[in-house]
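Below are structures written as structure tokens.
Each of the next two complexes has subunit A plus one other chain: subunit B in the first, subunit C in the second.
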Partner chain A sequence: MVNSRFTEYLVYIGNVALAILIGLALGALIIWLGGYDPVKAYTGLFETSFNPSDYYYFATTLSYATPVIFTGLTFAISSRAGIFNIGAEGQMYMGALGAVIVASMNLPSPLILPMALITGTLMGALWGLIAGLFRALRNVNEVVATIMLNWIAFWIIEYARNYGLGDPRRQEKTISMPVEGRLPLLVKNTELSMAFVIALIVAILVYIFMWRTKIGYYIRVLGAGVKTAKYAGIDPRIITLYVFIIGGALSGLGGALEICGRPPTYAITTAASNIAGFGFTGISVSLLGLNHPILIIPASVIIGGLLAGSRGMQIKAKVPLEMVMAVQGLIIIALSVPGFTFVYRRWRIKKALRGGGSA
Partner chain B sequence: MSEMCVDNPLVLMKDIVKVFPDGTIALRGVNFELCKGEIHGLLGENGAGKTTLMKILAGLLKPTRGEVIVKGRKVKFRSPADALRFGIGIVMQGLSLVPVFTAYENIVLGSRGTKPSREFVEKLMKEVGLIVPLDAVVENLSFGVRQKVEILKMLALNVDILILDEPTTNLSPSEIRELFKSLKKLREEGKSIVFITHKIREVLEVTDRVTVLRKGRVMGSVETSKTNPRELAKMMVGRDVELLIEKPPWRPNGVALIVDELEVMGDLGVPAVKGVSFSVNYGEIFGVAGVEGNGQIELAEALAGIRKPLRGRIVMNGDDITKLDVSERYNRGLAYIPEDRKVALIMEFSVLENTPLTEISYNKELVNRMGFMKIKRIVEKSMGIIKQYGVVTPSIYAPARSLSGGNQQKLVVGRELMKDPRVIIAVQPTRGLDVAATEYVRNLLVKMRSSGKAVILISSDLDEILGLSDRFAVMYNGRFMGILEPDKVTDEELGLMMGGYTYEEIKARKV
Partner chain C sequence: MPELDLLGGVLIQSTWAMMPILLAALGEILTERSGVVNIGLEGIMLISALFAVFVADKTLNPWLGVLTAIGIGAFIGLIHGFISVYLKGNQIISGLGINTFAAGFVAYSIEVFWGVRGYYTPKPEAKVPRLPAIGVSPLFLATIAITIVLFIILYKFDIGLKIRACGENPEAADVVGVKVELMQLTSTIIGGALTGLAGAVLSIDWLASITKQLPAGRGFIALALVNFANWNPLYGLLGSFIFGFLWTASEYMKNLEYFTRAIPMPLINTIPYIATLIVVAGVIGRSRPPQSVGVPYRRELD
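Right, the complex of A and B next:
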């Protein structure tokens, strides 16, 4: 009885391992069907993500883990409240845009970095707040609202890149973060910056927030149902707003950190190509990490490795980019299945308990 | 009782026993017969077994024992579709229409084979006198019209044995009148109808014969024209055993709560509480009896502040609290034990995490200035509840779902009483508990009352109300039928009030 939760988690780890194998097998099938060598492809994948003999690759993996920790946390917090905020994508765009705006402003150098992070965080929070207001006040489905807001954010940054914030010399990107506003690298000549450390600290802070503060407690109570929340004397609308504001702020900060802490461009590139997708990948990270802020960290490293290793697959096995993306997507889906079933099963148990006893 | 029908009975149910998997015995050997072309009332209070019996007839449940004979053939229905083949259809209490479909789409939704044409449905409507706007979307229709759509849907499936489960809930008086007119028309068309209800007045108005159930047994089956409300009430309600609860003498000590002309909206957009006034004293248990679904839950939620009233006033301890939110009411000494333990507890949370649920919103001692929870304080509190109220749990870190039902309820009750409230609202506090836990919770409520707190006990368990209350009201259709003392009321009077007659009417011998 006491150990039931422990064994539950052991079973879960087994499931994850199984999912990785299934994902890789399905991916191999696709690579093989496409006429390429799966063994070579996967060798390339691992050599460029978890290669023990060259730390550069693992640093790259961690640099990819960084943004998806933030977007994963956004999704995790909302899930805990029973809300499906899939707007991390757009919230991250807005955060990145905030940092670029600050980069364009010629501020005194010590102010640039803090202002960039704060502006990014606030703009992400604002973007979350919009969906939150729709949901809290008009009961608009948050999935619909956040998906549309993702696209609005996308076109706003595209507009900004074309008119006003574009790099006058290089059309394919926005103004870059000036050197004074960039985060120091953790490992020289890699993409891994202090942003990763910030991500770790934030994940721990979110954990403390969710399990040690009154608001965090309220968020988790809301996840148990609106009826229970009302019984507890909580206004579900206000907690819903908190969930969207905090979630948006996290993804916004993640976006700003991509601008301040990721070589080589320190800017938003055409069609948001250097930040697009992190928001949705965050959902997988969160599910893989059972919507738990601390478990999201290892989950982000696994998925970060996949993102990093895709280049290796391309180079070593000559698998075309499109197929790499397809395989990568397949593995990510396979990976989030055990987390999904785990969360779903708990939800089913909860629901069964709630519905029980009717005759 | 078998020579009731002129011909052979259309439906004959013999010695039906139903035991649910959890051990509840819903039917203890019930005989029931339905004649052709009659409206047959099935009367009883909660848990009498009315709905269970009819679900068996409609193929939704299988009897544990007993025989069902329909139109002369012994049947064993495995699904509602089987029952439909014999022309048996049931309209359940919760309406089962698709809200975004039109009336016509709903009517033809369940039909097998070719879809009934519009002309067919229009002809059907004229034949039976049930006219509904076929092109209107159901969610825009009133409950009365929706009820008609449900019935038409059954008729389109060629049902000639129609079972209606509490069909007048949520209908306005004029809608009820119309429904009854339609039912009588259907009877003329040769349909047979079973009308499940707890409303005595309606039974007398619309049925030809009535069978009364009480706690899984048939108390009688009579022709409606040869009976009267008092006889039916007596059959419907009976005290099993006098509850033996040690209760010190009643010493009311000042007014705790005044409720004045309270009106509360129900979930379906129809008022559920329709002008209720009463007051509760400190040192008193005030009971609210009645068949479930007559507005008791809405009343409790309005008192707790979870539901905003439409009209009326709530005064606690001299202050008007009508406009205060839930947590402010808790702060002023109100405690609420809801009916559903899955609302009162978060099953995934540990005992510890469930401890501050209804207190953290106002008690500054549980949270520091930074908004962090004072875990040590909460641990102490949690330990205190477990010890004082004898909650059996491996530890305070065990999830609430791992506790037995009785211990979950002890945790809820203990948590609420540990707040040292002045006014306690308890809704069905012993439902589903074993004998020991039931007695424990009841004794606690009495102890609270004797220590000078005001207790409002809402329960559909009549024995509980009569055994514990100092004064009590019977609630029916959103209103109080009377406020009385338990030892000054007869079973017959109780039955009449639960069936819809006010105490004044009864006393004035108008029944």
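Right, the complex of A and C next:
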């Protein structure tokens, strides 16, 4: 049993590695068709993300891994319940907005950081809850509901930046988190803050929650099918709400941590440009991590490296940095194909059938 | 009567606002009726819109742009269909991948094609001309025609019955000799082509520009519309008018001072999304999806 499980893991790792390779290879083709040098582009990408001779770049990679751990966890929990919560984007916006609201309030300094994180978490949870209510009570497709809420959240933070929470001296961003509310940096002169450590702890907590608590178990039962859950005496609607509230809270916390832990602005910039995309990137992270809270950590480092290296790629090879997102899309498409796993399972079934025949 | 002029203006504008949503929804109705779900509509629209602008702007022929968009849409439909139908892949994941790829690829391509970041406006000659007397786009008439044709095919022809059978009960369809997989692949390709046309409407007919967020959630509003329409093209037409009208009305509100004083500009932008949520939540209990939609069809044990 142990042995076959081990092989299964190897097959999964092979699957993930193959998807990444396909993504990078097709990405290289697109870079080449666009008239750039793919070798130069990828060299630039890796030199500024996983460069062993300069810790600064690896610190940047980890700093980008941080928010996508949270959004990845949001997607992973919902996937485990057979639900596609792709609203991490909006939930993260609301979390960031919560932190900015606290930053604007002139609280006593020891209260700022905890209040910012709590408010962000709650606002993210609220945003998740709304999507959950549409899903659980009105049976609205969660993909539609969460995307609509993402857009609504986007315009709400644009509203907040223009009306009341904008920085009076610089219109292109909101009020910044005051110094007392900022998280300490892990490595001097980088963007890597304590937020990364919090992300690691949260990922472990989510693992414990999913595999060691009753609600976590119910969530996984729901993933086995709505009928299965009902037979087990579980109300799918209640569990759906849990999935959205917890998922929203995680992305909300991730958003608040971006405000409390990312130099230099410690604020939301125009059109959410400094937090936009983390929610959708979380989907890639979760899928690469097989929707498993612990495996999401290495997956977030891989994707964090792509995000961190995209600037280096643009500077060194002139390739527009959005290319990295296209590569992510290709990786997701490749991961949607059962690929190796499919072939391997077929092979095992065939072997079993043959074995059964001869015995 | 300035009020009537305003209403007329809103109605004419609504024909544009409803077209992309309706076309994508029609494509998705066909796709889902055959048993495949494609949530990559947003991405297909975006990539098709990009190539429509590229070709129309280069050749100064909008119709070539429209054809290109249809072709690109069909091509992405083919990829999604192949993954869904033959490789038995996860259709939702594939759709998410298409959307993510599109967001990155289009932002990248705008810079590659025109050397600008984020935004390009094609030359005026690249824009689809309007019909003289009534002032609407010829593509609007085409859209209405497609709606009716799709309805007739789905409900009055043998082939429509076969397509619907694939989405309801593929085993039964297979038993009576319907080529389920071919039917599903073809439906997904045509669905992609219609969504591609929706992209062309956005970029060279209505808005005449390309940005990396051009569809602004319309691909997902189309998914909501499919639900609202109970997978019936004619209800889709009705629903798209509601969505299109709301979208246009909220744009008009931005120009009226008494509205912008009550609701600040950025919040007016939320109206189409809130309306979508409310409308869909209001009717959904009564709609019923094809029974086997989204489940890869496997012959016997695989």
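Points to keep in mind about this one:
FYI, the second predicted complex is superposed on the first by the 317 of 359 C-alpha atoms of A that agree within 3 Å, B and C clash if a C-alpha of one lies under 4 Å from a C-alpha of the other, contacts with A are read in each partner's own complex, and residues count from 1 in each chain.
Just so it is clear, a contact is a pair of C-beta atoms (placed from the backbone, for glycine too) under 8 Å apart; a residue touches a chain by one contact, two chains touch by 3 or more.
For clarity, every value in this text was computed on a predicted model and none was experimentally measured.
In the superposition on chain A, A:Y159 makes contact with subunit C only, not with subunit B. In the superposition on chain A, contact is made by A:I215 with subunit B only, not with subunit C. Contacts of A:R170 after superposition on the shared chain: neither subunit B nor subunit C is touched. In the superposed pair of complexes, A:L330 makes contact with subunit C only, with no contact to subunit B. When both complexes are overlaid on chain A, the residue A:T228 reaches subunit B alone and has no touch with subunit C. Among subunit B and subunit C, the chain that touches a larger number of residues in subunit A is C.
Once the two complexes are overlaid on chain A, the subunit A residues touched by subunit B in the first and by subunit C in the second are 346, 349. Across the interface of their complex, subunit B is touched by residues 1-2, 212-215, 217, 220-221, 224-225, 227-228, 230-235, 346, 349-350, 353-354, 356-357, 359 of subunit A.
Interface residues of subunit A facing subunit C in the complex, by the touch rule stated above, are 30, 34-35, 84, 86, 134, 138-141, 143-145, 147-152, 155-156, 158-159, 162-163, 280, 283-284, 287, 319-320, 322-338, 342, 346, 349. Those residues of subunit C that touch subunit A in the shared complex are 39, 43, 79, 83, 87-94, 96-105, 107-109, 111-112, 117, 212, 216-217, 220-221, 223-224, 227, 264-267, 269-270, 273-274, 276-277, 280-281, 284-285, 301-302. Those residues of subunit B lying in contact with subunit A across their complex are 20, 22, 24, 26, 52, 304, 306, 325-327, 330, 336, 338, 340, 342-344, 346-349, 353, 356-358, 360-362, 367, 370-373, 375, 394-395, 398, 401-402, 432.
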